[in-house]
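Labels A, B and C are assigned to the chains in the order they are written; within every chain, residues are numbered from 1.
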Amino acid sequence: MSEAMELKPRPTPAPDDPMAALVDALVDAYDREPVGQAGCAALPPREAIVAVVEDLRRVLFPGIYADESLPRASLRYHVGTWLCDLHRDLGRIVRLSIAHQAPERAAEEVRSEAARVAAGLLAALPDIRHALLEDAQAALDGDPAARNIEEIVLTYPGFEAITVYRLAHWLHRAGTPYVPRAMAEYAHGRTGIDIHPGATIGRRFFIDHGTGVVVGETTVIGDDVKVYQGVTLGALSVSRTFAGAKRHPTIEDRVVLYAGATVLGGETVIGRGAIIGGNVWLTQSVDAGVTVIETAPTLDFRQRGARA
Amino acid sequence: MSEAMELKPRPTPAPDDPMAALVDALVDAYDREPVGQAGCAALPPREAIVAVVEDLRRVLFPGIYADESLPRASLRYHVGTWLCDLHRDLGRIVRLSIAHQAPERAAEEVRSEAARVAAGLLAALPDIRHALLEDAQAALDGDPAARNIEEIVLTYPGFEAITVYRLAHWLHRAGTPYVPRAMAEYAHGRTGIDIHPGATIGRRFFIDHGTGVVVGETTVIGDDVKVYQGVTLGALSVSRTFAGAKRHPTIEDRVVLYAGATVLGGETVIGRGAIIGGNVWLTQSVDAGVTVIETAPTLDFRQRGARA
Amino acid sequence: MSEAMELKPRPTPAPDDPMAALVDALVDAYDREPVGQAGCAALPPREAIVAVVEDLRRVLFPGIYADESLPRASLRYHVGTWLCDLHRDLGRIVRLSIAHQAPERAAEEVRSEAARVAAGLLAALPDIRHALLEDAQAALDGDPAARNIEEIVLTYPGFEAITVYRLAHWLHRAGTPYVPRAMAEYAHGRTGIDIHPGATIGRRFFIDHGTGVVVGETTVIGDDVKVYQGVTLGALSVSRTFAGAKRHPTIEDRVVLYAGATVLGGETVIGRGAIIGGNVWLTQSVDAGVTVIETAPTLDFRQRGARA
């Protein structure tokens, strides 16, 4: 992947080459409308962020994600290697993202801040792992098709999305730009579950199936909440004047939101233990312990000719 | 990727290294709450399962998935190589999953059962391929945007999901743990279509677009059924006491379920040839030949000021 | 990946090998129901199409997708190398797809047409890049959670889907078979957003969240349109007799379609500046400047016992 290596065998096109005009047009386009500055202050490449997410998952659950030939006796050596590599790789993407956002800061200061952030996330891994195993237990309790914790860690998209959320949220709170959102979108792409890393989510969170779930940036979710596919916790207004304000709802402990339910607005509170039925659309608060269902829409049953 | 190779150049941190405490904390966490046992009885790694799915697709449709330089004359040689490799790789992931579920069983017995399962799936490939080409033909018949069978095999997410389902379902029926579900979640992640490998699905099944489709574990689907994006065939109760019971609906032959339709419950039967309209929510059975549509919800059309 | 290399160490199974019957059964199946002809006229392999998409994204936004060690001074050299490689790789997949569709055409003629198509798309890249940056600006204007253009290019799935659409649409208009649809399905798999490359989409298009969005083949979308997750722009009939006809709606400038809105039919026109509320289901046209919302369905709020 070394770009520099490719230079000698294939030099840039000569000026009389029709490709030369294309190169000029593109480089002009970069200069006219720069994005991410190709140069020293480049953003961390997306695949580097993805690699760090995968390496974090391996160190959280080596029994699921590591190579099978991992004898218990040498586990400490492996974990040591993984953590050293992660400290370097995570530190690098954090450093690049801070340097890109604040190009005026001294390189050494950025480097040491990035190293601190990376060490902090690694130190938090045992707690994050414990929280994730509580989430997995909630999935096991809530899904009759689930066989055991291993199956959930290995296969449940909701668990994958929550894993990435808990890692990305830690970095978001540490003030790291770009990286948390890129992690979240990686999980979104793989699972269809779109949790903004700024959201606040309590313990034992369970998302079943999950495709189409959206959890907005300023959402606050309590403990023991269950969410099904297609649930949106969103904003009422998308005016940029609301950037930074609480635009997304508060979901208290033990709430269940069934498939397709939509709850909008920063002042909307779904009270403790409430149950929100499938496809219900709410822009108002709901008291604790209340069940909200849509009055069944009238269905029209019509017998056709002899086709069946 | 050899873990062992990495040991010498980068040994585990020395005890006075701040990283050492981190290693200890993580290894303690693994011991307190073990998941998938990092050791001899490890689960098959997810990427090994994904590689087997891709290799199965290549041997099913070499004209689509194999490298272009595949001359007809040497096809038998390639297929022989692929099948030998698949027998080994599929056998290995089946063996690891059985050994993980039943660590008390003798290694040799597990190994020979896994080899039998792998050989069985390989022997079933011609029939599975024929069934899949019937599914592709149903897609071609049902989608005016489709140009030919090749385009469907190469590009349709519904076809990808059904391909993985038919492979995973075979393994599910053979009693293989973990692997079928991991295969299904790989397809879910790529397509947004979530078909549990335990579901029973007839011939010429067509899923159009597909994002958000959920087909539960005990669903039974007949022949010539068409399903659009966002259709849920789900359960009414998620109590674990229903594990193993029929919790998901029965869809008889020639039923069409339009986008966003939801059918719930193990005793709900959608009769032969019925048509279920978009967004209809059903927890009751529907007779053969009946069309069900939601009575159009009242829409409110309001002219705004001079904005347009 | 060279298939030919594998032949010597692992020859095809001997006739008395049980694997031989399997090989025969599969090769017979290929012959009985050929798909994509394993041979000279093979379709371009899917991963080659994916690689070209990724290479196109890198040359569009090297500040985001290229390796960090890309000094400004050597940028022209890199771009030249990338474009030469793209001309070859894009030319190859276009050539394979044309040759597969029209096997009767002379190889040299197909080769030169493919080279022309590839050069044409590369020449269009500066304009496509400018259009994409307008799309990114629309996302920045429309989403309070967005921080800057870089974050949108790096992380927004809607931006990823539109990027691939604008590239695939160019190839679709150039008459290239298979490749545009395969590109679109790659983006669909990663983002949950399904835009047919045949759709016509104006400037400053913004898709937020995006999971479940479907934009059909003959849809026409004006400028400054905003679309939220789960919006379907679809067809009323799926009879193959409508292949080629305008089956999908027209969305005029400045229309907003909120989450889950469905607009169906080739003669349905949503007029300039109209706003279509969440979950509204439309098969009729809407005048310019009109807001359409579903009359709030009756919700049933029921206090349960002492559970909360």
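Here, contacts are C-beta pairs under 8 Å (C-beta built on N, C-alpha and C of every residue); 3 or more make two chains touch, one makes a residue touch a chain.
What you see is a predicted model; the values in this text were computed from it and never measured.
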Next on the checklist: Angle of the rotation mapping subunit A onto its copy subunit C, from a C-alpha fit, rounded to a multiple of 5 degrees, please.
Outcome noted: 120
Next on the checklist: Could you classify the subunit A-subunit B contact as same or different, where same means more than half of all interface residue numbers appear on both copies?
Outcome noted: different
Item to check | Approximate Å spacing (C-alpha centroids) for the pair subunit A, subunit B | outcome: 23
Item to check | Multi-chain contact residues (two or more partners), subunit B | outcome: 192, 211-212, 230, 260, 279, 297
Item to check | Footprint of subunit C on subunit B - complex, ascending | outcome: 59, 61-72, 74-81, 83-84, 87, 119, 122-123, 125-126, 129-130, 133, 136, 141-145, 147, 149-151, 153-157, 190-192, 208-209, 211-212, 229-230, 259-260, 278-279, 296-308
Checklist outcome for this item: Contacts from subunit C onto subunit B in the complex sit at residues 1-4, 6-7, 10-13, 18-20, 22-23, 25-30, 33-40, 42-46, 96, 100, 177-178, 181-182, 184-185, 188-189, 192, 194, 196, 198, 211-212, 214, 216-217, 230, 232, 234-235, 238-244, 247, 254, 260, 262, 271-275, 279-282, 286-295, 297
